[in-house]
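Next come two complexes, and both contain chain A; in the first it sits with chain B, in the second with chain C.
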Partner chain A sequence: MDPKKKTVGFVPDHDADTTTSPGGSNNTSTVNSPVSAFSNTPDLSSTTNNSTTSTPNPAGSAAASSQPRSINTSGARSSYEPMKSSYEEQWGLTPPSRSQKTASPRDGSGFPAKDQGGSNKKENKIKASGLGIQANAGSPSTDGPQTSNSTSSAPPSAGGAPSSGGKGGSQKPTAPSQKSMTKAERRELQEKQKAEKAARVSAGLPASGKKAAQVLNQPNSGFSPNPSKSLATSFPGAEAEKAIAAAESTGQARRREKLTKEIGLFAHLDPPKFANTALAPKDLHPAVVHAGLQMAQFKICGANARCVATLNAFRKAIQDYQTPPNTTLSRHIQTYLNPHISYLVTCRPMAVSMGNAIRYLKYEIGKNLELPDEDARALFVEKIDNFIRDRITMADQVITSLGLQKIQDGDVILTYARSSVVQGLLLAAHAKGIKFKVIVVDSRPRFEGKQLLRALASAGVPCTYVLLTAIGHVMREVNKVILGAHSLLSNGALYSRAGTAVVAMSAHERKIPVIVCCETYKFSERVQLDSFVQNEIGNPDELVNDQSNNFGHSSTRGHPSVRGANGGDAASAAAGAGVLTGWRESRDLKLLNLLYDLTPSEFVTVVITEVGLIPCTSVPVILREFLPMMQQ
Partner chain B sequence: MSKGTNDLVDILVAKLKRRQLVGSSAVAQATLKLLIVVISKNNWSKANDLLNLVRSVGQRLIEANLTELAIGNIVRRVLHVIREEFRDAEASSKSDDNSEFQSAPLTTSSSMYNLLSETGSDDKEFTHASSNLRSDIIQEVRDIRIELDTIYENIKNQATNHIHSNEIIMTIGRSRTVEEFLKMASSKRKFHVLVAETAPSYLGQEMALELSKAGVEATIIPDSAVFAVMSRVNKVILGTHAVLANGGLVAISGTHMMAAAAKHHSIPVVVCTGLYKLSPLYPHDEDSFNVVTNPDAVLGFEDGDLMEKVTVTNPYYDYVSPEFVNLFITNQGGHPPSYLYRLIVENYDPNDHSFDPLA
Partner chain C sequence: MSKDFDVVANYKSLLLNSPELSMPVAAIQSLVELIKHSNATTMSEFMLSINVASQLLKSSVRNSISLSAGCDLFLRFVTRNSQDVAEFETWKATLIVRGQSFVEKADACRYKIAELGVPFIKDGSTILIHAHSRVVSLLLQKAAENHKRFKVFVTESSQTHGGIRSAKMLRAAGIPTTIILDAAVGYVIDKVDMVLVGAEGVVENGGLINQIGSYQMAIVAKAANKPFYAVAESYKFVRLFPLNQYDLPTYNADTLSFQELNVDYDSKSDDAGFVTPSALSQTALHMKTSEDQGSQGSNPLVDYTPPNYITLLFTDLGVLTPSGVSDELIKLYL
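Presenting the complex of A and B:
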């Protein structure tokens, strides 16, 4: 099987889950849209990216998603002109003034990502709701101008290039002074936040430009006039980050606390990150920048998908790498890759799978220092391909075949959220003709299980869908729990999507076997006893149920029938306003969006790996086999 | 039954059936109010007449919404009061003749002190004509009403006995009892509350919002993070919809998960509840008292294409078995689950556990 093709399965499409537009009148249209999207899929996908992927078949989309640079630049550029605004909003490429405008209703403290609802979301929905993979394939390719722009030129200029490609066209009036503009705006933002956090008047572009020019004359604090930084404004969450940075620079610790709403117990963890190329050094390879952005925006998530995306990006970086004078490729490539790696970390904390893959790559580089340049390049590319093939693609196939032995007729299998391996296993079991039922347990805020549900339901597997709170209710009829893993730690603990521990615990409590599917490359030599020391904090605003932020999920609408039980806020809830809108204004209210949790090894019955079925306490035994590579 | 009261019963039955009236507290208040009218506005001369009247009304109310156990509890309380009053009256009339016997009928039938003596549970004794019992009984029932009104007061006054400084407390859903309890505690101590947002009803979000408005430091966590943060929690304080005779809870969906996580981490689980939620019924099945609500909250019509292929369930309640609960804080003080049977005996008459009309 072609490893590239295999990646299709890993590529998540959150687009499919982005949702409804605000306002009641739009409701009907959003309800209808999936149906219409279904009926004429080819048509819609052609509107999505008529010039880039001519045939919207899965294979084509796989290529598009894994190889965004293969897009024809010039064609894409011109054909995108008419629908630019929508794709810019979709990717958060709105010019600064606009994002500020949208942010202003929530006092500029919020993350504009959510407020960009409206038309683009709807469009997104129409595009995305057709078929998962196709929809997703559209998204990376719409990003074409950004990355492909710079691909045609030499890699070193890549860092800054995407910015001009992305927004040059849409902000023509202020284009000459754009650099100073955004900086000034930043300054302005800072000024106003100092004054008070009340709503900033979104005074339109020219007005703020004038103001900005005035403010520009004042001495600049904290910020260096780095051109690439101006791009920061164009990404979701950048406003908040800037505000935080501003608060930091002026030493207002209290304000920072207010903005970040830091949770004491998790103060040691990085605050949620946002797609932000401002943090990127200039000479990054665009493929890596692209992968980083997609990870930061959770367009690519899941340990396997992130690892494959990283490796693919690095392969391209190595292929395009040009050895500087007086050095050799294998001696210099590591220093070349290091900023790429740290850039990925700034986008989103590194997944264990990515860390292991990168360590393997470094190990291979270190082993072959004496090779001639072209041989080394070919070797490293081959090693990367082999890693993806052996440790991920083939491993998944072996896990699937081993897992099939554990699924029998009449089984009721419970699974949580979405794991690419578990999805593959369940689909394979169904294809094999085993009659079983699946209960998909899902949770806020991302509702990842919905993708799995969609895949299983369209394959014809009988499915039940519940939220995590109902776990006690559904667990009785279950006779197997199959879970995916982000990582397995050396003490046997399972580090996986938040909520996994609750599911495993409920199963353990009822003596139901818990089966974990995990490739050995996700094993980590780390040990951890609780979910605090190492974890990841997501954007807390994802927990707010407002219309523009419900990940395609209707549950965030108010339900008087349910809420009636406690009367009170039924009316306001029914109106569609989230209970928590404006939570940042409340002094004592905080939101914690924890992404992972740790399942103690006692809850896990068996781990299915490509080396066989092992108890999860055998992780260090397996790791010993890969010791030389891990010591890097 | 007089026509006027019959109409009132019909109205309440309709409201319960349509779920216009939900929630233990509201239902209990309405039931009690109705029963006062039933007792005062109807003609009855013998105890049995009254008992049968209240039973028949109670039966109709209970059948209107089987998941609202508070209705049955209140009816049983009232029946119990009626029996007690008749016993009192009888005792006082007997004591005129024979003063030796006065102690036995005053105590409830199952008290340890009269295990070997004559039991007073025989209903035939309540057939005597009553003189001015009506006002006595109504007075007693009004006392129950006062008790209902002061429940929050009584429970929240115990707050400072249970919460210490800098504590981290976890809760789920929105319970007025817990809300008042925590607010009261926050006036004396500084502590932190973690509230699971309780999808798909999101009552936890409302709870956190209310707490934060009252100055309690509250953090909303998604339900998925309950296990992850449980290890740092000092106490889990839960509200409940009903407490069953074995000490099990019928509480908002997700409570089981939280209680089980707390048990795994050996974190004490405290349940704040008024005694009117204590039911003498046993759960024969975990779903006995559950209700499955509109699944739209779980998977909406936006996913219409999916919906026709999959089953979606949205249970509103969870059954939490008594081994997960460490303490009940009621309006009469704190009790371990093992003590609940005693409270049941004190508050309800064993003859009233089921509502078959008397012969």
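Presenting the complex of A and C:
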């Protein structure tokens, strides 16, 4: 099964290549089994494990199915085991007699003692869950310390701070006052907790750790007060158990943020998310589950591709939807779609484009409540098709034709990473016979520019490929910069792939015009002044300069012809392999993989949209004047 | 089709006969004339004839920027109203009436701008203006009538010598005026309180296309932290988005931005419209004969001032920021 083919079902041509499909072989197995795709990436696989094993009343089958995987992954993660011990030492936790595997989960969190507020809070949560954690960690039969940690500790962390009082730990009373404590006091508390924990460890619940953990966890799971946002709440009561399971798995995702060593400044952002079929409530439409997984794995990435994939999945879901008795399609469909939308969000934070498309769909549904079922179904399917056609496909064609006016013979055009619109524009300019040169600027960790490079080079466009670090050097010969956009915000700021701001500022510095290609459906009402308030954190392991790791990343590898262009990187990866491999062990090292950045409006010369060339400060005008017109 | 009606000739004679007429208005007027003479019987034939005529007009002159603003505006007006056409002939009549009322209103634009702009001129201030612009002159005259006391520096503007003409008009209005060299903008900028320029066209991002030299004045003004105001009628708003100086439609050897000082050049450029051959100074005539036509031809006639150099634009729609222009243009053309 080729995932690309599958996605493209209803995708217009230009988006076919947006669907990331780096290499045939790499792709095939990934869609429904994230584990195999990422077998080299311990975290991803462990996520799957966690979710399966953490089901509060573990059905035999679930446990069994997780077992082979865990064996599989434990080998891959063996390199992480020392990390546990190093944390143990750091915290002075491990009694000399304990084996490495008795690591406690809080050690796994990787918070150095310095992070007083954060780590303390978390520690408390963990503490609240009781001894199960440690017992579990001690089990030699489980799939590696990390996984087991997250498994057992997930329910409490899902519960979060507010719930912890109900769970009744000895530390409870102290929890609320933590923030107001002085550093010394907190330290003291930590020591106390450690001592208690050590006592517990030596006291009991040793041998079959996993069972003990489950036993101890079970009562907690019932209290989980934060049942996975709307995902779980949208469930009918009969499926409460499932909801709790889902809640716990999201809890584990949250637990994961400790494993990824969350960075203080970005603590408000969602931690990186990982594809997880177990997150999906069972009655989701498979097309949506499929799309969600592909997005989570960056098989589909790019605002347009994700939006089209989402809409197509919803289209199928609407087509296959059976109206329950005593309701009508248009009145119930939104309730039906909500868990789907929530699921997509759990896979990867929603793109602005998707949000706008879904809002449009909801608007259309809300407008046509009185239609008979079959008419409504046909109407919504048609509206989706029209949206894709008018707002994306046709918009791109118009943008291309407008953009062609700005490309002249002899131009040297610089572009960054890859945007489907920019690629289309450059290819169209080449097809039109304009003689120009392209400099593709790319950057770690995603190397999206290689895809663009491949497309341009195979079309015969003269190209240069450099990494972002060389921007100052190549900018000298450039006379136009053309960029894609994830979104344009109401204050005119450009929200796009991380690195775009550097490119735009560098061009602005030399008075080189910066042209942004963006469909109006990506315009956002939001206003953002910097890249910190809202962003998306990618998997930090992508930054690890490890060849095996990179290999796991389908979108960055794959095509042999690109390897050549990437020679420098491959060489450096070989030479410096493992420099960051053990980053979790290092107490002061955290990795941050931000996916987007914000380019202030003064660095953008013009935005090419399907309604014409506009200055980016006119985004609110378009939102005000034009979009209501489109919705009619 | 109206083959018997020469729209270009009509346009040129309009400009020659009334020096106060600006290019876009003249263009609209000749298009209205075309409609009057049109014997098209179908809608599409009619639309085609208008399109052809406006293309003809644009290609007939060397600097088509402000002309095309007028043509585009009128075409937009025609197409926007073409949906609700019940009776072809009555619609044509309406177009003629509307077009004529537009031409009449165009004159009022300038007075409205002058009214809006006067409060910006403070007593005792010194104003730097560039070359000659009817609307800037009118604004300053209005200010003088309102008993504002101010001094004016005007650049000579060596190609068209519009500065000399401006100085004459302003002195006649009792405004102390000094003609400075184009190269002396930097020299006087510290003595100046504000810079006022007219416009050939106002582009989509609020930038300005104007007689050559405006851009450097804007840069100098920005460097000296002096306000730089552009004065433009809203019919000069044009759907263009130049990325830089070389992205103007006038840029390349075939187009109008390269002026040869030919005898009939005055009918080809907006600012030259008022300059009858007799008004050309002796110097200009001398240059025309002595200078190599080739080297003259390589001089651009207009330049583009990016919006970030412009403080405000005085238009008949109100006093706008550069981004406000794009707001208006989007409203007009969407």
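Going forward, the second predicted complex is superposed on the first by the 340 of 632 C-alpha atoms of A that agree within 3 Å, B and C clash if a C-alpha of one lies under 4 Å from a C-alpha of the other, contacts with A are read in each partner's own complex, and residues count from 1 in each chain.
The rule is short, and it goes like this: a contact is a pair of C-beta atoms (placed from the backbone, for glycine too) under 8 Å apart; a residue touches a chain by one contact, two chains touch by 3 or more.
Everything quoted here is computed from the prediction, not taken from an experiment.
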Can A:320 be said to touch chain B (first), chain C (second), both, or neither? neither
Which partner chains sit in contact with A:373 here, chain B, chain C, both or neither? Use first/second/both/neither. neither
First (chain B), second (chain C), both or neither touched by A:525: neither
Spot which of chain B and chain C makes contact with more residues of chain A, would you? B
Considering only touches as defined above, state whether A:385 meets chain B (first), chain C (second), both or neither. neither
Check whether A:453 is in contact with chain B, with chain C, with both or with neither, and answer first, second, both or neither. first
Just chain B (first), just chain C (second), both, or neither: which does A:443 touch? first
Between chain B and chain C, whom does A:474 touch in the aligned arrangement: first, second, both, or neither? first
For chain A, which residues are in contact with chain B within the complex? 19-20, 30-31, 34-35, 38, 263-265, 443-445, 450, 453-454, 457-458, 462-474, 476, 497-499, 501-502, 505-506, 509, 530-532, 535, 543, 545, 552-557, 559, 561-569, 573, 579-580, 583, 586-594, 596-599
Residues of chain C touching chain A in their complex? 204-206, 239, 241, 243-244, 247, 307-308, 322-323, 326-327, 330-331, 333-334
Give every residue of chain B touching chain A within the complex, in rising order. 19-20, 22-23, 26, 174, 176, 192, 194, 197-203, 205-206, 208-209, 211-213, 215-229, 231-232, 252-254, 256-257, 260-261, 264, 286-287, 290, 293-294, 296-306, 309-316, 318-319
Touching residues on chain A, where the partner in the complex is chain C: 406, 480, 511, 513, 515, 602, 605-606, 611-615, 617-618, 621-622, 625-626, 629
